[in-house]
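Below is one structure. I have some questions about it.
When the chains are written out, they are named A, B, C and D in that same order, and each has its own residue count from 1.
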Amino acid sequence: MSRHAQRQGEPLMVSFVYRRQLTVEWGHCDPAGIVFNSRFFEFFDRSTWLMFEAALGMSSAEFKKVFGVVGIPLVEAKASFLRPAKFNDGAEIASDVSEFRRSSFDVRHQMFIDGQLAAEGSETRVWAGRDPTDALKLKSKPIPTAVIERFRA
Amino acid sequence: MSRHAQRQGEPLMVSFVYRRQLTVEWGHCDPAGIVFNSRFFEFFDRSTWLMFEAALGMSSAEFKKVFGVVGIPLVEAKASFLRPAKFNDGAEIASDVSEFRRSSFDVRHQMFIDGQLAAEGSETRVWAGRDPTDALKLKSKPIPTAVIERFRA
Amino acid sequence: MSRHAQRQGEPLMVSFVYRRQLTVEWGHCDPAGIVFNSRFFEFFDRSTWLMFEAALGMSSAEFKKVFGVVGIPLVEAKASFLRPAKFNDGAEIASDVSEFRRSSFDVRHQMFIDGQLAAEGSETRVWAGRDPTDALKLKSKPIPTAVIERFRA
Amino acid sequence: MSRHAQRQGEPLMVSFVYRRQLTVEWGHCDPAGIVFNSRFFEFFDRSTWLMFEAALGMSSAEFKKVFGVVGIPLVEAKASFLRPAKFNDGAEIASDVSEFRRSSFDVRHQMFIDGQLAAEGSETRVWAGRDPTDALKLKSKPIPTAVIERFRA
């Protein structure tokens, strides 16, 4: 985890970057000996959860309670595969929120192997609570400033 | 699906066998080019659900309502891998209940490729409802005779 | 499978659409009771392979031999999740090649539940053979006209 | 990792136990909110590879070269599910070789959550090289004493 400087237009901003290491497992790989595409989306989903826990300093169960959300459902996911990730490769995944909007946000993931970018991902997610008129449905909610602040500073 | 004769001690019984075809997918296989072990357990889990739907003639959502169960949680799973199952292999999985006990039962799965046994599995599952003293917990329930009858005859 | 009319600029073209049915399995779903995002990418990957086998009228093993390719590696994958896909939902996935370029192509996937679009996906893949200067590496190759023709007419 | 005393008949033996921590991910869990059964087999498979790397002090790529094996293919896998493992639960998996035979061996896995046994697994694997009479086939080989020694002492 670290906070690094990042220019998003003006002014200069500092944003929270969550980093974790993982090793490519036998079960992640396909007959070509490289990570099967769906596994990258598992890796990125996991990194998003871990990034929120790290940025907010609480477990995902806690932040659901504290902020009255049901979750952060994914509405779009994308990945580009640039270099093969092979069995036993050590990788680092760096993740940050590239944009917060009123009730949705984008996450960016970069997976490095030997310092080289092997895969890039992006996710769009919604800050979602229960629909007050229908408890079985979800409804997007404004993302609290307190949450966004934890990813800045 | 078929019903075949099977001697389980005495008397001669006829038991329901659920059969389905599947083709081994690229994403099922590991770098050795064969189905990764955890996938067999997915296949067998799926066959058990489909077998119950076929034997009872109702969807799993319906049979939960009709019989007041929450599910049929797995307490033990086992598989033996006899021959490699490779990408694009066409397989047949035959499944039956090898034993019904008071509130649990055993399922047997056999996966054939080109008529030869490639993998064998077994599962032990519980017929489970809500615990009347604690709604968050499950409690095993006696398996109704009507259910068992659907697997006999 | 069907061939449907589709205007891509001029002239009017007819393109091959591969359709398949699948039922959402218990093991596909997450604690929210809906299909976990990585599973959609498994579904779409599988549909692409099946579409090629259907369009070319041969198994993937055969088309690799016939056309001298090692595979059709994925370089980009994307999905949008529009409506929840739940356990036991019956779905139809319709897939077609939205564009053939010299040595790469795009696949589009649409997953319908009860006639409504639940998820949309797209993939960019490369037509890849062995690198003649390094047998361990892949190299993109021109897609044969005979292949493209099978997706038209 | 640790070496602990374990009585296997006589004499008292000390065997290598490989321990690792993992946190249950959202994508590991099913609609009941607990780890889907096939995921335990992924966890155990991974622990076996890591245990060999730790015991032998080399990567799996290295030990294949050093010992002339193609791999340690699984011929049987089994798991018992004793307590639910839920999203975000922190778990410890302890693995050891419960028996070495001439060319096969058994691995035992125990997964603890909050110090309580949540799942138990066992695997039977073969020490396998290429068949000298058919390079496409595997053939079991005697397990070198040097390997077995690394799990004792």
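Assume contacts are C-beta pairs under 8 Å (C-beta built on N, C-alpha and C of every residue); 3 or more make two chains touch, one makes a residue touch a chain.
Remember, it's a predicted structure, so these values are computed and weren't measured experimentally.
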- Item | Equivalent of A-D within the choices B-C, B-D or A-B, defined by over half of its residue contact pairs recurring | B-C
- Message: Can you check which chain pair, C-D or A-C, has more C-beta pairs in contact?
- Response: A-C
- Query: If you average the CA atoms of subunit A and of subunit C, how many Å lie between those two points?
  - Reply: 26
- Message: Quick check: how many Å separate the C-alpha centres of subunit B and subunit C?
- Response: 31
- Message: Taking the mean of the CA coordinates per chain, how far is subunit C from subunit D in Å?
- Response: 36
- Query: Which positions in subunit B touch two or more other chains at once?
  - Reply: 26-27, 32, 36, 38, 42, 45, 87
- Query: In their complex, what parts of subunit C are in touch with subunit B?
  - Reply: 25-27, 42, 45-46, 49, 59-61, 87-88
- State the interface residues of subunit D toward subunit B in the complex, per the touch definition above. 32, 36-39, 41-42, 45, 71, 73-82
- Residues of subunit B touching subunit A in their complex? 26-27, 29-33, 36, 38, 87
